[in-house]
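Letters A, B, C and D mark the chains in the order given here, with residues in each chain numbered from 1 onward.
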Amino acid sequence: MHKGRLEAFSDGVIAIIITIMVLELEIPHESDLAALLPLLPKFLSYTLSFVYLGIYWNNHHHLLQAARQVNGSVLWANLHLLFWLSLIPFVTGWMGENNFAKIPLVFYGGVLWMAGLAYYILVRALISHHGADSVIAKAIGRDEKGIRSLYIYTAAIALAFVAEWVAAILYVLVAIIWLVPDRRIENNLTK
Amino acid sequence: MHKGRLEAFSDGVIAIIITIMVLELEIPHESDLAALLPLLPKFLSYTLSFVYLGIYWNNHHHLLQAARQVNGSVLWANLHLLFWLSLIPFVTGWMGENNFAKIPLVFYGGVLWMAGLAYYILVRALISHHGADSVIAKAIGRDEKGIRSLYIYTAAIALAFVAEWVAAILYVLVAIIWLVPDRRIENNLTK
Amino acid sequence: MHKGRLEAFSDGVIAIIITIMVLELEIPHESDLAALLPLLPKFLSYTLSFVYLGIYWNNHHHLLQAARQVNGSVLWANLHLLFWLSLIPFVTGWMGENNFAKIPLVFYGGVLWMAGLAYYILVRALISHHGADSVIAKAIGRDEKGIRSLYIYTAAIALAFVAEWVAAILYVLVAIIWLVPDRRIENNLTK
Amino acid sequence: MHKGRLEAFSDGVIAIIITIMVLELEIPHESDLAALLPLLPKFLSYTLSFVYLGIYWNNHHHLLQAARQVNGSVLWANLHLLFWLSLIPFVTGWMGENNFAKIPLVFYGGVLWMAGLAYYILVRALISHHGADSVIAKAIGRDEKGIRSLYIYTAAIALAFVAEWVAAILYVLVAIIWLVPDRRIENNLTK
């Protein structure tokens, strides 16, 4: 099975998710600066989620670049990832609406955790389809960044109950770790 | 006529349908767990519809993979399918908003029924265009799963008047039946 | 300049327009049949506009199939068409919300008129780019259906001031005329 | 890395941004002409932003046409551009809602400024990836139109504090300057 349509469909879904989040920024009826102030936490959570979705699109792009073809398991692993990504606008809006309160922070981390797990499953499905000696298997290796992210999300969720700002900082930290594009694949492909 | 643009347009429409459903999950103004509780039925109906749309995208992908080209009838059969799929966000939201009440359950089943019929018509239009000896005709065969689904939807709609939960379970059952990807085509293509 | 990206962008915009219209069908808070009744005019106007957008996508698809390449004028003629199509959700919702009242019917016709004109300009831009002897010029010919549609829209807008239902019927009539896919191009391409 | 998926993803995001802006045109509950009047400033700001997004898509299309491939920096420079474009629906709606008042005009200019800068960074990233002797470097040259736009935006933002209408006219002026498609690239490619 060709990978083209899986890429196109994922592009479409991620493009919509990354864009409809901006609909949560309700347009104020007043025209002064003070009217924008209550939108600041929403804008910050929007920016963070935009970066996360950009990272996912970027890594998805690198990952599929290394894939030669897909099968039924890969299609469903991919849909499973898109499901968790589709919940990001909701938790983003909830977190922004409530000024980074404890429970919304925990749910934000929970959705990131599940999306991270879903990405990991997608990687495994692709490797198992291409074989252990394939370019994609060598390029990904043990996917340490992915596993490390899940550890940090777990810590962030636990620490949110102690101090909300620690969780928020950890989510920003993971985004920074991933902002460096996935050079593992790029390096292996050009060898 | 090439099939590429039909695939791209369908990908776009299904990607939007699967994504805007999440806009029905209204963001609570409170930040406690209790604020999420009323969203639970909406979340469940969202998840069910996400799976259904994933199944349709998946089967559509398999089906078009086996097609060599399309004609005017196929274009319209496809748009007819997309029309019924486009109503899924409405019935999903209505069913979730009203906690899986009788009439919304009946309409949810009605839209699934029409979408199932529209898919069947699309399959026929493709087979009639490619001829009875074509790969696609052999791969699809009598499309028993599709016909069986229509029977189960009919039963679910009738039983919703007796006991709502039976209809809900039958909708989940059809989703499970289809979750197994359409191996008929995959098998025939690799023979 | 290749035509691929113009097709992809148009597919994306039309896919979104055809889908977000369904967001105007507000989900009722009640679960009985009576709650759906006020949505009936909205549903009818949604269905009509879905068919119109399906027709535009279909004809756009046929048209670009006959084109070999595009230039700057074609890109802008295409964006101009998309602008008028993007107003269809607004006039559709307004017409449905007000039960096919006079002024919304007039504006619905006005947007259809402008979209029809924009399509005509796009056809001219493509023909002028490819030359009078090209496949696309021969396939389109004098585009009588397009010109006839503009006449009927004009009549519908004028008659809306006399009797609303005549305008509504004329809009349905144009949709039926176009539902027959544009065989001119198909015939010429296969000659 | 191939450029195809970057184009497809950007097409998707820009298609959604250009389309969801129309959702800000709230459908009136009355059916007379007077009900449309309060929407006029929103419609004007929608039209202006539609043209701007059309220009960005057009120039993006020309730019990527001249590119042979992309790398990690280009992907992120592109996402950075999409981030600022994604804020256009918000500032468009705010400007229209408040009848082109001072502060919304300033923020509209601010988002255009950042989008212009982001486009400039994307151009630099592409040139640095292809080398100073590449087709793309020669085709773009010093990108005087882009730099001139930033100057005009700066003037518009400053003048908005003196007279709102001057800022509005300057935004329209920049749109007109860019409406002429980027012939630099077209000319160089066909030499």
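Assume a residue touches a chain if its C-beta (ideal position, glycine included) is under 8 Å from a C-beta of that chain, and two chains touch if they have at least 3 such contacts.
In this text the structure is predicted, and so the values were computed from the model without any measurement.
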item: Same-residue or different-residue interface between chain C and chain D, half as cut-off; value: different
item: Chain A on chain B, rotation in degrees - Cα superposition, rounded to nearest 5; value: 90
item: Rounded Å distance between chain A and chain D, as computed from the means of their C-alpha atoms; value: 26
item: Centre distance in Å when chain B and chain D are each reduced to the mean of their C-alpha atoms; value: 37
item: Multi-partner residues of chain B (each touching 2 or more other chains); value: 8, 12, 15-16, 20, 23
item: Contact footprint of chain A on chain B as seen in their complex; value: 7-8, 11-12, 14-16, 18-20, 22-23, 25, 27-33, 36, 47, 50, 54, 57-58, 61, 65, 179, 181, 183, 186
item: List of chain A residues in touch with chain B within their complex; value: 1-2, 5-6, 8-9, 12-13, 15-17, 20, 23-24, 71-72, 75-76, 79, 82-83, 86-87, 89-90, 93-94, 97-98, 101-104, 107
